[in-house]
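In what comes next, subunit A is part of two complexes: it sits with subunit B in the first one and with subunit C in the second one.
Up next, the complex of A and B:
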């Protein structure tokens, strides 16, 4: 039965080729815009998420409070953490390891070109293994740092490329960090993170002895928890200890204990607000397209008044007339949607392709999930039927006698 | 084109109320979005222009390169001797090194982390001129004010910085030391600057002894006959030699205020431009809708066209009739769109101001309104051109025969 309706609708749409096409163009432009924007936005979100995503669920970071919207951790705080805290946190029940990390902006020089970058410390002794596991560090070339490596550095994967210093860094090269020579012994595997792919990692001892970083001002205390199911309890214990150490009341903390998951959630909600705004503006085109469907359907009902009269007089029920027009507008929406999805996807992937090859940027990615495709299809069908309801209802309510007479 | 043609077009639109209404609605939505977005873009542009005028186009600043918020990277700063050296460079009029740091602020048992600056009291006037801010309540800081603080605009209101309003004479704790509030600055228009705290350079040094003589931010003005951009180059070159750094490896940069503001406007314009582009997509859809409506209208009126031609209407008359009709659809949509856009951006501007972003103030210059109207008319007329041409090419005999 529904098949008959569909065939009938298709015939009608074909009879009015130009108008059907124009209506569908309206829909598919809107759908294409939304698909490509959501695809690119989702890609961007994933790219940003991957900056932090590789940290496990059993890791906590302790930082002093400050203004956290810009800059590396620990750079914009009121009262820095002292270097004795890590030892005390380590004694808390449930903590496997806790160690200080120093993260400093510094000048980097190689191939006679200079840039401002970030030098991060690597802990020594027993904590090194835990640290490497925590960040999932592996050497792409050369090796990772080991104890006793003074004036040696491991650099992020981006430094292999030419664009950083006009020449890629290789194992054995010397780079200047704050005007002091360091030998590169390893290059990290690519992390997809603009922090870790552009970091210069130096042993904690070299950081303090050679670069002269203030040992007493710790930027982050990284904590590894033994059992990730007990992370909430451990977090509370650390907070209790920190309050005692820093002499602050509950509710007046001047520090934060955060898991990477929490950071991700905060980031996610900010990104969501921004993308939502873009979607709303793109959604406007779809609304306009929907109005086009409604317009076309009203016109179609008007044109076929006589036809409707005939159908009714030979026994068509109101519901049958409604279904005919309803299916017709749903078809308009769906076909428009299919074309729109195809166009939108090729646009989104085209842009990300261009971004990668022309700009060398991996932030511009497209990610169109099957969920999004199915969603868009259902949405465009829904859009067609929604805007078709009123015209179809009007058609179904036509009085057969009047409509037979109304014909010109 | 004459008055009868316009009248005729109006009549036709009125006769097909529903269809015309829907078509107008489709163009209205796009124009609304574009008008609202552009009014914000122009508003920000104007804000930046007044800022540049008030701060003066003779100002420059020097800043450590660093990472993070300007002036707060402790590894890259300008030392006092750097500032003394620059002050002697030919063409430099006034110069001021400023301290910036994040501080824990406590008031009425509530804590926040905010930016605090330290300024040489003999140069507070210069600082105020450069940031184009004035004290609107209380007074400026004086040299002897070792335990006084001046506050940004937002402190005067409850629930903006602290739950409780800060009043003149109230005591505020910065990193545990108590200061008395002596003055409030006027509104800058963004939540960060309006929550700044201002100390004298002496009390800043007492609060952060490690930061003494390490300036995050240096402001200077050029002498009248010197071009700021040329002065910037000269300072960069001389300071580089003074700090013993090689070209291309400086740890600082010199920029004129004008350039810095231009960079800011460019970024805003690019973002806004992209949003307008996305909104333009909806106008393309509206364009197609108008075309569709016009094609339908022509089919319906084929007989009418035949009659008109039979009694002497020229092809060009028919063309004009339909183009004007389509243009009218666009124009009415544009008119309503501008109105609706005005309402939306006014509400948006108020919301932004209430949440601390007073700089997001929409502007409605005449050219924007007229431009939107002309544009919407043109979109309509262009969409109507193809259908109108088809109508004008109809053969009178065939058209009359059409049923």
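Up next, the complex of A and C:
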């Protein structure tokens, strides 16, 4: 029975092709917006997670910060951290280790091709083990750095690929970092993070002695906390110490103490706000689309009054008439939803594809989960039926005598 | 004495139009027996259409009783009425009233869908009926692709879909030229004589009414005269 009505409804929709399409536009724009923006947002979240997500919940980073609005990022006027801070932070109760890290953007050259890359320092001595554990560093090929490695480097996994220098880097190759030769002794395991997969890691001593980085200008002090449950307390203690050291008042800090996990949470909540906004916009679009369905269905009921009369006179019960119109609006919603999902997915994946090829960045990624698809489908069907209830009810209640007499 | 199939017992139908009450039927009595061919005649405004609605179980009276096979249907709900008329009564309208989006065969199958008859049986029956009205080569045509006479024959086939006892034809030839009209009338006649259907035909054409065994004249909402035609013998 239901199948017969569905076929009948489908015929009716096909018979009013243009109107059916126009009606569905409202739905599929809304659904496409939800699918593409949520897909991209989720992709972005996963991408950001993969950048820092492997840093544990027991890690803090101390950085100098300046007046951010004074210029483009990176040009901030900031008082650098001194190289003696790490030692002081290490003495704070609850801190397992604290060490300096120098992170320098540098020119890299290999295979006669130049590129800008990031050189990062690896601490030496006892801190090396903690550092390696903190970043979960493992060699994919070769080995990690050890004390006494001068002019030796470990590089990120992406350098194995040809696209960096037209030729993959292998163990034993020599690369130029700021015009100084370094021998590659190891390649890191893939991290899925564009920072760590393209890093050139050099011992702290080489960084200062060979590359001539100013020892007194520390970029980050990495802090490992003994007990992750006490991280908030430790963070406050470090902030207190920093204020004293740098002689600033509370509220005027020219530094930041952050845990990567907290940063992620902040990012997540920002993304959530963006997502919420998208939901609201899409919700409006979908509501308008739903009212469009209702309008179309009412028009259809009016237009087919005579047909309803005919069907009733040949034995259609009210429930049969209701079902025919109800299924019809449900179909409008569902088909609109399917098109919307297809459009949204092609849009999201198209953008991420374009991002990868035009910008070479993998941060724009689309991730459309099956739940999102199924949810959108159920939702659009529900929408169609919800807005179809009233017109279908109106149709079912038409008086057979009057509707048979109607002119149409 | 033959069994009474439709009986209207002192039926009144009063419509309210604003503040004015219109008495469309004023004590209509009508008894139609199984297998009869009855013509219902009357000028416009005589209450013919309202009478058709009562006989066809499309409406219930304001006062009085309507019996279909001895069952009082005056108190039935909309849906119960729909179910009964789908099974017991086949309609043929002046304007054919086919569903425009459906092909001839689908139109014939429609009453069977509403009775929940399985697809295979539906298809078989619809084919047989279209063969009966000599439209087997037009099964897949839509109403707009058929002539008036062909459309009315599809409607005749449709009226027979659930094998009803009564065929109610409301001005069946009103929209047809005399030749195709005569052809449609022949089919009705055949249904009466060969299929033993009870036929009630509403018309304002005295010549058409002659095809029936009995003619009832309606005026001011009640029967004013009954004449038995030669065929009733």
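Following the convention adopted for this analysis, the second predicted complex is superposed on the first by the 244 of 408 C-alpha atoms of A that agree within 3 Å, B and C clash if a C-alpha of one lies under 4 Å from a C-alpha of the other, contacts with A are read in each partner's own complex, and residues count from 1 in each chain.
One rule holds for everything that comes next: a contact is a pair of C-beta atoms (placed from the backbone, for glycine too) under 8 Å apart; a residue touches a chain by one contact, two chains touch by 3 or more.
The structure displayed is predicted, hence computed values, not measured ones.
**Q** Answer with first, second, both or neither: which of subunit B and subunit C does A:114 touch in the superposed model?
**A** Once the two structures are laid over each other on A, A:114 reaches subunit B alone.
**Q** Considering only the touch criterion stated at the top, classify A:294 as touching first (subunit B), second (subunit C), both, or neither.
**A** It touches subunit B, and subunit C stays clear.
**Q** Counting only touches as set out at the top, which of subunit B and subunit C does A:315 meet: first, second, both, neither?
**A** After superposition on chain A, A:315 lies in contact with subunit C alone.
**Q** Looking at subunit A, does subunit C or subunit B touch more of its residues?
**A** If we count touched residues of subunit A for both partners, the winner is B.
**Q** Which of the two partners, first being subunit B and second being subunit C, lies in contact with A:306: first, second, both, or neither?
**A** second
**Q** Who does A:278 touch here: subunit B (first), subunit C (second), both, or neither?
**A** So A:278 only meets subunit B here.
**Q** Looking at the overlay, what does A:263 touch: subunit B (first), subunit C (second), both, or neither?
**A** So A:263 meets neither subunit B nor subunit C here.
**Q** Taking the superposition as given, does A:18 touch the first partner, subunit B, the second, subunit C, both, or neither?
**A** Once the two structures are laid over each other on A, A:18 reaches subunit B alone.
**Q** Quick check on my understanding: which residues of subunit A belong to both its subunit B contact set and its subunit C contact set?
**A** Shared contact residues on subunit A: none.
**Q** Could you pull out which subunit C residues touch subunit A in their complex?
**A** It comes out as residues 53, 56, 58-59, 78-79, 82-83, 85-87, 91, 93, 97-102, 110-111, 113-116, 119, 158, 161-162.
**Q** Give the list of subunit A residues in touch with subunit C in this complex.
**A** Where subunit A meets subunit C, its residues are 1, 4-5, 8, 11-12, 15, 306-307, 309-320, 400-401, 404.
**Q** Which subunit A residues qualify as touching subunit B in the complex?
**A** For this pair, the touching residues of subunit A are 18-19, 22-23, 25-26, 29-30, 33, 37, 65-67, 69-72, 75-79, 104-107, 109, 113-114, 116, 118, 252, 254, 278, 281-282, 284-285, 287-289, 291-292, 294-296, 298-299, 408.
**Q** Enumerate the contact residues on subunit B facing subunit A in the complex.
**A** Answer in residue numbers: 18-19, 22-23, 25-26, 29-30, 33, 37, 65-69, 72-76, 102-104, 106, 109, 111, 113-115, 175, 246, 248-249, 251, 275, 278-279, 281-282, 284-286, 288-289, 291-293, 295-296, 403.
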